[in-house]
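The following blocks contain the structures, represented as C-alpha cells.
In the two complexes below, chain A is the common chain; its partner is chain B in one and chain C in the other.
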Partner chain A sequence: MKTNKISIWLIVSLVAFMLAIPASSGAKVYKLGLSLAITGPTSDAGNPYAKGVEDYFRYVNDNKLLGQDTIDCTIRDDKYETSITKRNFEEYLDMGIVFYLNYSTGSTLGLKRDFEEVKMPTIPASFHAGNLEDSNYIFLPIASYSAQAIGLAEYVVNNHEGKKPKVALFVHPSAFGRGPVDDVKKSVAAGLNMEIVEVVEHGQDLDNTAMLQRFKSKGVQYVISQTVQSPVAVMLNDASRLGLVAKTFGEKGKFTFLGCHYTGGNDLIALAGDAAENFYWTTSYIITSEPGVGRDAQLALAKRYGRDDKAANSHNYANGVMVAQVAAETIKRAKARGVEITKESLYEELLAMNGINAFYPVTTVGPVTFSKDDQQGVDTLQLYVVEDGNFKSEGTPFIPEYTGKIK
Partner chain B sequence: MSYFFQLVVSGIVVGSIYALSAIGFVLIYKSSRVLNLAHGQIIATGAFITYALTVMAHIPIYISFVLSMIFTFFLAMSVERIFLRRLIGEPIISVIMVTIGLMSIIDGLIYLTPFGSENFSFPPFLPEQPIIYAGVSISYTQLVGVIITFILIGVFSWFFKKSTVGISMRAVSDDQLASMSIGVSVPRVFGLAWATAGLSAAAAGSVIGNITGLNFGTLHAFGIIVFPVVILGGLDSLLGAVVAGIIMGLIQQFASGYLDGNWGLYGTANVLPYILLLVLLLFKPHGLFGTHEIERV
Partner chain C sequence: MSANRWLATGNYFTTYQEEQRIFFTAIDRLLFAFFLAALFLWPFFVELDSKYMLVIDNILVAVIAVLGLNMVTGFAGLISVGHAAFVGVGAYTVACCARIIGDQHVLITHAWPLMILVSGFMGAIFGLVVGLPALRLKHLYLVMATLSFQMIFEWTIGFMDFFNQGQTIYVGRVVWFTGEVGRNEHYLFWYYALLTVVVICGFAVRNLLRTRYGRCLVAVRDNDRAADAMGMHPGFTKVYAFGLAGFLAGIAGSMHAYLYRGVGMESFTLHESIQYLAMTIVGGLGALTGSFFGPAAIKILDLQVESLAEWALNYLPSTMNLATALRPLSFGLVIVLFLMFEPRGIANWWRILRSYVKLWPFRY
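Right, the complex of A and B next:
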C-alpha cells in the first residue's frame, strides 16, 4: 500500500516536472493590446489596420522571429468611442501588457495622461502632432499630419509656375483635421511662399458647388485636404462636374487637389472614380500599386493569412503591419540585449531606435527613428498621384524642410 | 448672376435629397406618432441592397433600384410586425426606445458584412458630362435625384389624399380609437406606414450613395442630418418636408457661397440652418406645416 502511494507521488511529480519543462526552457508570452474602430466611424481604415497588426504578429509567432517566445496581442473594437478605448486600455493593463497600440486622435489625446501615468509605450494610428505635446510615451509611426500638409504645401510652392500660389485648406471639423492648420500657417509665416486663402471645415456635404465657386472667385489653385476619403470624394466629384479639376499640376483656372494620409489610397479611387485622376497624396508608406520589395512583402503576408484583395492592397493594412513590425522589433532588440521584456525596457529600446540602430521596415519609404527628441517614426514622405485609376509615385521620398524651421 | 443661379440649383438639389430622406420619418410619424430613430440605418440598407444587386448579382441598376425599394418595403413591414406591433397602445417613449434598439441591431448586422467597414461606389450608369445651361451646371446624378424625389413626393401626396388606405392612415394618425371604431385596421396601417417609409429610405439611400459613395457612416448619418428638416417642416407634413428640405439646402448653399470666407465668417453653412430652426420654432413650435393640435383639458 505504501509502495503504491510512493509510486503515485512519483508519477505526479514526474508529470509536474514535464509540464514545467517548457516554462523552465524560457518560452515567454509578451502581451500587447490594440484598441481601435473595427466598427463605427472610420472603420473603413480601422478594419484593414487591425488585420495588418494581427497578420504580422501571427507571422512573428509562426516563423519564430522571437525564438520560442511569442506575442499575444489582444485586439478589441472600441467603435471609435474614447470611453470604450479607455475601458479596453484599463483591461489591457490588468492583463499585464508591455506595449500598447492605440487608434484615433480623440482617444490618444484623451488617454495621453494615462499613458504617462503608467509609463506605457504607445503607438497610435493617429499622426496628430498634438499627440506628442507633453507626452513622453506616445510615438507616431510616421510623419505627422502637420508634416504631411507642410510637405504638400512645399511641393505646391516648388512646382507652381507664376505668382505666389493661392491655397485653400479643406479639413475635418475635429482635432484630427485642424491639427496641421496652425503648422502650415507657421510655415507660411516662416517664409513658405504661398497664400492661404481659406481654411474650410467641411460638414456632411452633398454638394460643394458654392465652396468651389468661392475658391475660384478668390483665385485658389490648390486645395490641400486633411480629412477622410468620403468628403474628399464628394468634393472631387463636384469639381469634376464643374470642369474644375486640373488635368496637369497647377493648371490655371482649375484646382489641383492634394491630401494627407487618410484622404487617399484605393478607397478614394473607389469612391470618386475618374474624378480622382490627378489627385496628389502623401504618406510614408509604400503602396501596392508600385512594384518593389515593400509591395511584395505586404501582398505575401496578406495572401498567407487569407486576406482579400481589398485588405491586401490597403495602405491602412500596411499601416497596421508597420506598427506591429515596430513593436516586434523593440521586443527582439530588448531580447537580444538580454534584458527582461517590460514596458520600461521596451520604452528604452524605442528611444534607442536611431542612428545606426534605426529600423528599416520594408513597407515604408524611410527608416523609423525614435529618440527623446524625436517621437515621430518615419520622417520621410512619398508623393503619389492618381494616373489611370492607380496611385503612382511622383518624385523621390522627401522630408519637408519647414517642419524643422517651425519647431 | 450665374453664380447666384448655380447656388439656387445646388440648394434645390441638396434640399430635394434632404426631403427624400425626411419622407420616411414623416410617413411613420404621420400615421403612428412614432419617431423612427433607425431611419438612417434603413437608408444605408437600401443603398447597399441596390449596390449588391447591381454589382454582385449583375442586375441593371434601374431594376436593382426598384427591387431594393420592394425589398426594404417588406423589410420595414417585417420589422414593424416583429418588433413594434406588440407595442401598439404602449407609451410612445417605449416605441422610440425600440427604434434605438433596432438601430443597434441593424448596425450590428451591417458590420457583419463588408458594407460595414469598406467603401464602395456605384458603377457609372449616367452620362458623366453635366448639363450646363447659361453657366449653371447640374450632374445627371443630381438631376435624377431631384426627379425621383418629386415623383415619390407626388405619389405619396396622392396616396394620402385620394386613396382609401392613405385616408385610413391619416385617420389613424388623428385618432386610433375612433379609427378602430369605424373598422380601420390600426396594425395594418402601422405596417403600411413602416413599409412605405422603408421604400422611400431605399430611394434616398441609393440617391445619396450615388453622390457620396457608399460608406456606412456617411449614409446612416443622414438619418440624423435630416432631423432639422423634419422638425422645421412639421413632423407630420410631407409638403413641410419638401419645403423645409429646400429651405435648408438653399440656406446652406447661400451661406457657403456668400458668408463663408468673408468678414471672418466660417462654417456658417453648417450652423445657420440650426439657428434658423431655433428661431422659427420660437414662433411656430409645430414647424412650418405641422398639425397644431389643440387639446381640451
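Right, the complex of A and C next:
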C-alpha cells in the first residue's frame, strides 16, 4: 500500500515536472517596432508597406519559423512627421524593442543620432545614401537612390545613339529628392559621358508644360526622376498631351522618362495611364507582372492574409515583406547561434550577413549583403519598362559601375 | 476688497490697483501655489513613459509660443499667420550656432540658457521687422504680410545649403550642474526647464498686461484711432506687440531645438502656424489662461485623432484613404465649432466655472 502511495506521488511529481519544463523554457516574444506614414503624405506607399511587414511577421509566427518564439511588431502611423516618429520611437524603446523599422528620409536623418545612441539596428524605407553618413546602425534594404539614379544615367549613356546625351533631373524638393543629384554630377565629373542640362525641383505643379517646352528648347532627351509617383504622372500626362513622349528609347526630339524606386510601380500606371508607356524604372524588387518564384510567394502571402489586388501587386508591399524577411532572418540566425536575442546580437548578425552568409529573399533581384563597410542590402538593380500597361524587365540585374568610382 | 480676504462672492474693488491684482483672494493665491507645487512635484511620484513626457514637453513648448501669439493676435488684435516662422527663427538661431561652432561647443551645451535668451532676442528682432508693415496695414492685408514672412522663411530654410536645406541640424546634449543630461533624464530635465520658463513667461505677460504698455495693446485692438486720441502711439504699440510675440516664439523655438536635439524645417511650416492660431482661438483669444488651455486641448485632440485614425484604418477602405482625412477634418471642425458656439474659447468655460464656484451654493 505504502509502495503504491509512493508510486502515485512519484508519478504526480513527474507530471508536474514535465508540465513545468515548457513553462520554464517558455516561448520568447521578440519586440520590434515600425513607424511609418499609413495616413498623410506618401501613405499610398506606406500603406502597402505596412501590410507587407505585418503579413510577413504573421506568416513567421503562424508557420513557427522561429520555433515557439514569436515576433511582436508594433506598427504606428507617424503621418510623415518626424516629431511623431520620434514619439513612436521613444515608445518602442520603452517597450524594449530589439530591432526598428523606420520609413521616411526626414525622420531617418532626424533620428540618426538616437539610433547611434541606443545602438538600435534600423532598416528604413528610405534609400537615401545620406542616411549612412556617420551612422553605424542604419541599414538600407536596397541600393541607394544615388546608385539608382547613377544606374539610370549609365543606361542612358550606354544606349544613347549620337553625341553626348542631354539629361534633365526632376527631383523632389527635399533631401529625399536632392540626395542623388550630387552623386550623378560626381559621376559625370568622373567620366560618365553625358550632360546634365538642368536640375528641376518640382513644387506641387499641376502643369509642367512650360518646363517641358524649356527642356525641349535646350535639347534635353532624357529626364531622370527621383521623387514620388504623382508629380511624375503629371509630367508624363503633360508630355503625352504635347506629343513629347518617346515611343522608343532615345527617340530624337522627344523625351525618354526614367525614374528611381518611388517614382514607379503600378500606382504610376494607374495615375498616368497610357502616358506611362515606355517609362523606364529601376528598383531592386521583383514585380508581380513578371512570372517567378518571388511573384508567386508575394501573391500567395497577400492572398493568405486577405489583401486586395492593389496591395498584393504593389512593389511597396514587396518592400515591406523584404525588410520583415531581413529582420526575421537576423533573429533566426542569432537564435541558431544560440545567442540571446538583443539589439546588440542582431546588429552583429546583420554585419555578418555577407559572403556565404548572404541572405536571398525571393522578393529582390539579388542577395542582401551587409557588413561594416557595406550598409546597403541588395546592391543589384533591375531595369523595368512599361509595355502595354505593365512593367517588363529590361535586361538583367546590374550594379552601377560609377557608384564605386565616385566613392 | 471684500471683508473676508479668503472668500469673495463678488467684486469689491475700491481702487484701480485692486482691480489689477493677480490674485483676488488669498484662497486664489493658495490654490495657485498648490497647483504650481503639484506641477513641479508630480514627477517624483508618477513615472511616465518617455512618449508621454515628450507629449507634455511639446505642450509646454506650444504654451510659450501661444503666449506670444495671444499677445499679438489676442491682445493687440493683429492676426499673424506666420508665428511658426518666428518659432523657427529661434530654433534656427540655436541650429546655426551649432552648425558654425559645432553642436558640442560649450556655448551650445553649457551656456544653453544664454542661447535660449539670444534666440528670444533674435525672434524679437524678426518680430519687430515683420511688425513694421503693421504701421500701414490692417486686417487681411496684415495677414498677407505675415503670410509672406512665413513663405520667405520656408523658402530660405528649404533651399539654402547653410540651413541643410531644411533637413535636421543636430544640437548637442546640454550640461547641467549634475553633468551631461543623458537620454534617461532628457525629457524630465526639459520638463522642468520648460515649466520654469512657462511660469516666468506667464507671470511676465500677466504683469505686462497690468502696465500702461499692456493696456495700450488692448486699447489699440479695440479702437486704434481712439487710442491715438488718448495719447497712445498705435504704431509703436503694434510693432512692439510683434516684437514681444517674436521674443516668446524665439524662446519656444530654441527650447524645441534642445528638446528634439535637432532642428528640421517641418516643425515650422504654415501648417504649424495655423495650428498655433487654432490653439489660440480654442484656448481663448485675449485671455491669458487661453494660452495654456489651447495648446493642451489641441495637442491632446491630435493624439486622440491619431488613435482614431489608426483604429479607423482597419475598417475604412484603404483606396479612399479616409483615415488621412480624419485629422484635418477634426481639426477644422473644432475651430469652426469654437468660433460658432464659444468664440471666447475654453478660457470662458474656466471663467464660468470660477464664477460658479465663487457663488456656490447659490445660483449664478
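As a convention for this text, the second predicted complex is superposed on the first by the 383 of 407 C-alpha atoms of A that agree within 3 Å, B and C clash if a C-alpha of one lies under 4 Å from a C-alpha of the other, contacts with A are read in each partner's own complex, and residues count from 1 in each chain.
Heads up, the rule we're going with is that a residue touches a chain if its C-beta (ideal position, glycine included) is under 8 Å from a C-beta of that chain, and two chains touch if they have at least 3 such contacts.
What you see is a predicted model, and the numbers here were worked out from it, not measured in a lab.
Upon superposition of the two complexes on chain A, a steric clash is found between chain B and chain C. In the superposed model, A:Ser43 makes contact with both chain B and chain C. When the two complexes are overlaid on their common chain A, residue A:Lys218 makes contact with chain B while staying clear of chain C.
When both complexes are overlaid on chain A, the residue A:Lys186 reaches neither chain B nor chain C. In the superposed model, A:Lys310 lies in contact with both chain B and chain C. Residue contacts after overlaying the shared chain place A:Ala210 against chain B, while chain C stays out of touching range. Of the two partner chains, chain B is the only one touched by A:Leu271; chain C is not. Shared-chain residue A:Arg58: touches no atom of chain B or chain C. When the two complexes are overlaid on their common chain A, residue A:Asp94 makes contact with chain C while staying clear of chain B. Of the two partner chains placed by the overlay, only chain B lies in contact with A:Leu242; chain C stays clear of it.
In the overlay built on chain A, none of the stretches 21-29, 39-47, 327-335 or 345-353 of chain C clash with chain B except 327-335. Annotation: chain A residues 38-40, 43-44, 47, 173, 310 touch chain B in one complex and chain C in the other. Of all the residues in chain A, the ones that touch chain C in their complex are 38-40, 43-44, 47, 76-77, 79, 81-84, 86-88, 90-91, 93-94, 106, 109-110, 112-113, 117-118, 173-175, 178, 308, 310-311.
Looking at the complex, you find that chain B touches chain A at residues 3, 6-7, 10, 13-14, 17, 107, 111, 114, 116-121, 124, 128, 130, 137, 139, 142, 208, 211-213, 215-218, 221-222, 225, 252-254, 256-257, 260-261, 266-267, 269-270. The residues of chain A lying in touch with chain B in their complex are 38-44, 46-47, 173, 197-201, 203-204, 206-207, 209-211, 213-214, 217-218, 229-230, 233-234, 237, 240-243, 267, 270-274, 310. The touching residues of chain C, counted against chain A in their complex, run 49-51, 54-55, 58, 158-159, 165-168, 170, 183, 187, 260-262, 264, 266-267, 306, 309-310, 313, 318-319, 321, 323-324, 326-327.
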